[in-house]
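Here the chain labels run A, B and C in written order, and each chain numbers its own residues starting at 1.
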Amino acid sequence: MSKLWLQRWRGPLFWLALAIILAMLPLVTQLDPFWAHIVNEVAIYVILATGMNLVMGYGGQINLAMGALFGVGAYSTAFILLHNGNFPLALVSSALLGTLVATLIGLPALRVRSHYLALVTLGLGIALNILFVNWEAVTGGAIGLTSIPFASIGSLPFDDETKMSYLFFGIMLAMVLMAAVFVHSRFGRNLKAMRDDLIAARAMGINAAIYQLTCFAFSGFYAGVAGSLYAVWLSYISPTSFDLNQSIFILAQTLVGGMGTLIGPVIGAVTLVGLQQYLLSFGDLQLIIYGALIVVLVLVARGGIVGGLAALWQLLTCRIRREKKAAAAAPSNHETGAGAPATIGGSPANGSPTQKERMGNR
Amino acid sequence: MTATALLSIEGLTKHFGGVTALHEVSFAVRPGTIHGLIGPNGSGKTTNFNLISGVYRPDRGKITFNGDTISGMPAHRITRCGIARTFQNLRLFKTMSVLENVLVGLSGSPRGHDTIFPWDPYIRPWRARATEASIRAKAMALLARFQLADLADAPATRLPYGKQRRVEIARALATQPRLLLLDEPAAGLNAEETRELEETFTQLVADGLTILMIEHDMRLVMGVCQWVTVLDQGKLIADGTPDMVRSNEHVLAAYLGREED
Amino acid sequence: MTDLLLVAQNIVGGLGIGCVYALIALGFSLIYRTMGLVNFAQGSLLMFGTYLGLTFYMGLQGMGRFSPLIAFLAGIVLCGTIGIGLERLFRPLANLDLSYILVGTIGIGIMLDNIANHIWGSEGLVVPAPIPNHELNIGGVRISPYIFLVMAMTALLVVGLQLFLTRTNFGRGLRASAQDREIAACFGIPVNLMNAVAFAVGAGLAAAAGLLIAPMVYVNPAIGNSLGIKGFVAAIIGGLGDLPGAVIGGLLFGVIETVISGYISSSYTDLIAYLLLTVILIVRPEGLLGARTIEKV
């Protein structure tokens, strides 16, 4: 129900959100280091959550190797910068390497049902992490890599949080816009079709496996970019940032925001990163609370924040519409089709079996 | 007789665990005809469709389309060869409008379009927009043909049943097939809607399409099909013109029950 | 000759640890079979149950010391109780999208991990074996007698479970409920109770596994993760939901892991575990013994 509403209002909602973000731009330029730090962290996670959302909400698969792909991006950039490369090269390399590794991980997608694919990504993600811990020559082993040079484009160094926030914000914006184009393209529409009904989608000539693989590659692209930013943000990276817990954190953000929408990952990232900051004051208990919160999230608020807002809107407009109908003499409900009030699982007036009964043996 | 068959099925067999859904079924569909596939419930008709369209792989047997062997091909490739289908239980895309459903049909297969991943919106957005516009125009034309043009933006699964069936047929036609598999296209339709359907079929065949149709509505089958194949419990029991089939004693026994029942 | 002895040694050791994996895998498969969800908190339950048991065994947190048997049972029963509570919590998740099950169960796992950390601290424990553990030398093969205790206890638990499932009414109800929830309910079988029992048993098995392995490893709140995932791999090898498969998968995995670790370093054996999982999921996801399911169109 609220899903359909969401589909129709997705476009305007997104542009509204974009407008709000752009309006905040002047604020960004005046941030003090503390807030800049938070903005930077949010930017990185927005990119990660958007990538996760693409593969999960639109591609229909869980990529539990996202944390590890994040690491691939981070280590690539760190490696290049530590060996006197320049940042643009590092960024591009991270993105490409992330894409490549994600494609390799996603190759089983061509053969495996999505339920098992999640587990494959789980296994490969952990395997990658073990690699990070052991391949000391490149990754510095369990200790990680330190003193990673700052990002700089040309002669412009991004050597403090505030300067970084311009860069990070800009890149985040670009990645989100890219996702918007992706979703509204023919590819995005076919992905939606696959999500709605895989068998029918195949019957339309859609090679589902290749589409899923492409979504995987895309998520790797995003993870690579985010990883690159991460490396130059803290100047220090270690394998613990790229483990299963990181993947779950990203997954939780996607769920919190609301899957399958463009604005969802942004909301999710802001919410959970903000939450993380807030929970720091709880010290020991912070992870317990975090664990409890994501359990509550999954039990109670499955559509995420966006889903909740949509449901709220639906509730309000339904009430308004019902009141309008009660006020005027309601026309009989024989005319179904466009423009008829929405009813949940409503039966067409001509007495044929309802949707639910017809779909019953699927 | 089958020298010019468009679709040729030979010895098709399919088991599901211990159940034999189809056993050594062979028949042929000739181009430019409306071919009926009938039989009591559970006789294997939909399984037959699923095998032709690639949802399942046959355990034994061969399916040839237009000279190429398609048995064993994945579903999306079979569609690209020129076979489209509708589903017994309607499989419209739930979160999409009528128009969007048809648009997917037009853009699912890469025939005449660019590669699977659209680079165009990123590197040549003007071209992407032009392609999208032309696809839309085609889709609207298709909808108009089925009197669905004014419902283009309606959520597809909110329509009355009969209209949803038409949407599914329009969507299948969007893939530009040579052979259209229809699974109970008249189910749930009233007499007038069925008659309209009949006219649509005749028109489509006149334009060069071939139709293979599963149906229970005998009036429709006998009225519009040039050839009828009858299945019962997974086996082929009759294959001929409607008149031949109508008076076939095996067919009558299958539908009306046997003495032992 | 000594090479062969080494392999024999590794096989015995592998069977020992395989027993532990088998118990964890049984827990996974039982819960999956009955409730239709993969309990990613299994590892954390293992850890928590182990700590509960060890509290009684080693007198942690001011508790007095009890005999190993009582501590063992205490750990299992307490952990099983937690399992019952978790079933109630997870009930709405049962047949949802995998991502929700994942986040929900892992969330619980994170909570358990950190509550344990909070209560017992993150420093490790060295757990003494409950029987005198001087290394035996049987025909040149060096084995610690504790391994036999592990195997014996595992056998006991597995046979006990089997008897429970096949001979008691309760157990039969559980199997019926696992096969078809709705029909079982029609026959008056309290499905929710069955689920709770299955979860309790699964949790109890995890605790048993952890307690059995405790004297062999360095116990800290992190052991759950690695053991949990290996138990999961074992369950998949045997076919998720297949109980005999879980046992076989566990034993097989234990032996393979131990034999291989004789040749390469331990962190890389972990790598192999995960690669193995990947390969199996790609090639034969229903496991060695599982049955293929067919979707009706």
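Heads up, the rule we're going with is that contacts are C-beta pairs under 8 Å (C-beta built on N, C-alpha and C of every residue); 3 or more make two chains touch, one makes a residue touch a chain.
Note that the coordinates shown come from a computational prediction; the quantities given were computed from them, not determined experimentally.
*Asks:* Taking each chain's centre as the average of its Cα atoms, which is closest to the average over all protein Cα atoms shown?
*Replies:* Going by the distance between chain centres and the overall C-alpha centre, it is A.
*Asks:* Farthest chain from chain C, going by the mean of C-alpha atoms per chain?
*Replies:* B
*Asks:* What's the distance between the Cα centroids of chain A and chain B, rounded to whole Å?
*Replies:* 38
*Asks:* Averaging over Cα atoms per chain, report the distance between chain A and chain C in Å.
*Replies:* So the centroids are 33 Å from each other.
*Asks:* Using mean C-alpha positions as chain centres, tell me how far chain B is from chain C in Å, no decimals.
*Replies:* Averaging C-alpha atoms per chain gives centres 50 Å apart.
*Asks:* By residue number and range, which residues of chain B touch two or more other chains?
*Replies:* Only 55, 87 qualify.
*Asks:* Counting only residues that touch at least 2 other chains, which ones in chain A make the list?
*Replies:* 199, 361-362
*Asks:* Could you check chain C for residues that touch two or more other chains and list them?
*Replies:* 297
*Asks:* Across the complex, what residues on chain B touch chain A?
*Replies:* The touching residues are 53-55, 74-77, 79-80, 84-85, 87, 89-96, 100, 103-105, 107-111, 113, 116-118, 121-122, 128, 131-132, 135, 150-151, 153-155, 157-163, 171-172, 174-175, 188, 190.
*Asks:* Applying the document's contact rule, which stretches of chain A touch chain C when the two form their complex?
*Replies:* By the definition above, chain A touches chain C via 56, 62, 64, 108, 111-113, 115-116, 118-120, 122-124, 126-127, 130-131, 133-134, 199, 245, 248, 251-252, 255, 259, 284-285, 287-288, 290-295, 297-299, 302, 361-362.
*Asks:* Would you pull the chain A residues touching chain B in the complex into a rising list?
*Replies:* Chain A reaches chain B through residues 3-4, 7, 178, 181-182, 184-187, 189-190, 192-193, 195-197, 199-208, 210-211, 214, 336-338, 340, 342, 346, 348-350, 352-353, 355, 358-359, 361-362.
*Asks:* In the complex, go through chain C and note every residue touching chain A.
*Replies:* Listed in rising order, the residues of chain C that touch chain A are 89, 92-93, 96, 98-100, 102-104, 106-115, 117-118, 229, 233, 236, 267-268, 270-271, 274-275, 277-278, 281-282, 285, 296-297.
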